[in-house]
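Think of it as A, B and C in the order they're written, each chain with its own count starting at 1.
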Amino acid sequence: MAIDPRVTIITGASRGFGAAIARELAERGHQAVATMRNPDRDGAAVVKGYEGNIQVTRCDVTDTSTVESAVAFALERHGRIDAVVNNAGYGLIGAIEELQDEELHRLMDTNVTGVIRMVRAVMPAMRRQGGGKILNVSSLAGRISGPAFGGYCGSKHALEGLSEALRYEVAPFGVEVSLITVGAFRTSIQWTGNELTRTLREGRSLYQEPCEAFIQGEKDRATLLPGPRSVAAVIADAVEFADPLPLRIPVGFDTSRVEAVRAKMTDDEFAAMISGMRNTGFPGSWFGTVERQQKEGVL
Amino acid sequence: MVNAPQVVFVTGASSGIGAAAARELAARGHRVIATMRNPKRDGPAVTRGYKKNLEAVRCDVTDRATVDEAVAFTLERHGRIDALVNNAGYLLLGTIEDLSDDEILSQFDTNVVGSMRTVQAVLPAMREQGSGTIINVSSAAGRMTGPAFGGYSATKYAIEAVSEALRFEVAPWGIKVVIVEPGTHRTEAQFDNLRVAQAVLEGRSLYQGPVEALIEGHRRYAAGRPGPRSVGSIIADLVETGDPLPVRVPVGDEAAQIFSMRAAMTDEEFETALRNLGNEGFPGAYFAAEHELNTN
Amino acid sequence: MSVAPQVVLITGASRGFGAVATRELADRGHQIVATMRNPDRDGPAVFKGYEKNIQVTQCDVTDDATVQAAVAAAIERHGRIDVLVNNAGQSLIGAVEELADDEFRALLDVNLVGCLRLIRAVVPHMRRRRSGKILNISSQAGRMGGPMVGAYCASKFALEGMSEALRYELAPWDIQVVLVQPGIVQTDHLYSSMILAAALREGLSVYQGPGEALIAGLRKDGARRQGPRTVASTIADLVEIEDPLPLRLPVSDDAVRNLNQRAAMTDDEWEARLWAMRDEGYPGSYFRAVAEQASP
């Protein structure tokens, strides 16, 4: 009944989902290599209480050499890598029209290319082992999209397309690829993990008010949402599974519902439903503000 | 709202999903009354490390007096009940033809009527508060069934119906109802607490071979499944969530797959898919041994 | 249908869909600013016979200055841009595991950021006139991932995600955003313009055999399916239609069939369907090669 300890590398493990995943795995007796950009600053809080099960090492997913050294560290320490949780990523808020080239490239470089770097680094070891698991933390934003969040949604959509392809490619080597579709949770991303486009930051966006309403709506709603613990538990389950993993594993009280609604509706019906929302969080705050501004003749 | 400690009443908390939910809620700082039939024997393992906010209390959901007492105790202790986790239940395997009246009725008494009794006991307090969350633990078996699972699924289908009706009824008082549907998890329900129809235990079932193969296959399958922590964690999320709750929350890969298959397939397609699954647990093990049936 | 001539700016007009759509639009009487990287070399073949309707303009979608110059030239010439067709794009064939950072970045810079550059340049003009259409040429690969085309799929998935958001953002000014999703079509992308990841090009790929089989499969599909005229005609139709346009429009029989099936199936069913494919086209050629490698 006991499960053999598994060796798992987690990216973006300094806080939020990543830290929770490392600690959940450690709690279950597994070995977690928690990677982050600044271990000196952030490592101690993640390791605390699990000194025998969590090792912190530096890794910036935008820097190939640190990805390779983190994988080498895990292999040297444990002799194998059973699973990788590609969690590192950030959100970017701002209208598409005002995204700068480098803002979009940077986002893709972390959220998508960062995953490719890790895949490149771990695949030789997993191929030698004859198996492994690559768990990519995606989001409902990888399945649907909304205003003010188009860059982020684009990056998560890209991750979904990439993962689906990767799944076919590495299956013959016994390597499984799954997308964890994360729904609504309260994590640091709502307060500090989202970047703003420069135009928005400098207060000169054409969409300033709708974007600010969106940000405020997200912050307000976040207080109503659960923290990252259950996401961590579901990912730890996926690490432990003996069964074949499905392409997508939804987590979050609303995730399956949103997916089911999306699957049932045409694009037009879905868009009409989304545009008609006037809730205080995402996306109602955006549409409500646009509607008001249109009435005022601002837009 | 989520930051304020919630008072949560959990049934069937001696092991498995109930214990996992109770401990997870306690870890998040909530005040948990973990109810079970034998708190003296089973309580200490559940409350260990959380003496301040997790208490084991006696309650047998088949005995209305103990339900009322446990609810009264909770109200006396904490003054309110913010959430009820209706989890007590057990899994009984046996074909429809083999199950005795007593086996059928006992399982309904625990799995269905037990939940209804507990709901009835907590509703007055929730109504007075003008809020409350009722979390009914169903199962992927609340959305599908198969050979030797009919009795159990009947109770879980019933819980789904009870919950859907209850949502309409108690909404006016701000009380939320949600169904949680876990797939197979590595819990005592699949091992020590798994019950098997007497006819099979005595070796006199007409379905002996396939049912035995199913039990063995199911246990082997369950042994490779994740433990109950993620279900506990998702139940805790539902206690904390300030948003309106959906009707159903499937938990884990298995339940999510069944959910999407059911949505995408006709009943007949679904039936064919189950028959052709060819897995080693439920229901593949049964079909693989079906040739042993004496059909002459 | 609008009879009035529309002013259309189209990128990547030197070959493929872009060239054919340009000439089709000219044939229907519209004004087209046909942009390409090398007008001296590629321009004449495109505008020949339609000198009054087609203005060939230099524009490299990876170079913001040329994008702005092309948009400015179009505005100066016609006073407006009714429709932007974001057609310029590249392919990239190679396993995800073997993609180099700069290969992937270069692809995104054309397929994703290239569209963004045009959108940034054109939207202010459309906003002033409170009307406009943006047709983003996606692909069936924007909704379904397949082996050896992961990077291309990622770029098209991203374009789909961003277009869906953009549609909401621009709706207040009646600017419509549409994704056109062709299937596998006989264009230069399958031959002279096909870009291979270095590992595959140099014969060093772990996936060399299946990868080469897949390229042959794509070309076989292309050869037995229609050329770019259907897609070009659909683009021209979308330019002319006055009704509200849908978010997505699959074009060509394979895209319609694949996307319908993808929508109707669970992930598991869809994957099982692909793995079972053994035809000579895409992706059967790949899976057959993998199966043959695996068997001794």
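Note that a contact is a pair of C-beta atoms (placed from the backbone, for glycine too) under 8 Å apart; a residue touches a chain by one contact, two chains touch by 3 or more.
What you see is a predicted model; the values in this text were computed from it and never measured.
If touching chains are joined by edges, the resulting network of the protein chains shown connects every chain directly with every other. Comparing each chain's Cα centroid with the centroid of every protein Cα atom identifies chain A as the most central. Chain C has its Cα centroid 50 Å from the Cα centroid of chain B.
Our note on geometry: chain A versus chain C, Cα centroid distance of 27 Å, whole angstroms. Averaging Cα coordinates per chain places chain A and chain B 31 Å apart.
Among the residues of chain C, those touching two or more other chains are numbered 267-268.
The set of chain A residues that touch two or more partner chains comprises 246, 248, 263.
Shared interface positions of chain B, defined as residues touching 2 or more other chains, are 257, 260, 264.
Chain contact summary for the complex, chain C toward chain A: residues 64, 95-99, 101, 104-105, 108-109, 112-113, 116-117, 119-120, 123, 141-142, 144-151, 153-173, 206-207, 246-248, 263, 267-268, 271, 274-275, 283, 286-287, 290, 293-294. On the chain A side of its complex with chain B, the touching residues are 1, 24, 28, 184, 186, 221, 223-227, 229-230, 232-234, 236-238, 240-243, 245-246, 248-254, 256-257, 259-260, 263-264. Of all residues in chain B, only 257, 260-261, 264 touch chain C in the complex they form. Chain contact summary for the complex, chain C toward chain B: residues 264-269. If you check the complex, the residues on chain A that touch chain C are 64, 95-99, 101, 104-105, 108-109, 112-113, 116-117, 119-120, 123, 127, 141-142, 144-151, 153-170, 172, 207, 246-248, 263, 267-268, 271, 274-275, 283, 286-287, 290, 294, 299.
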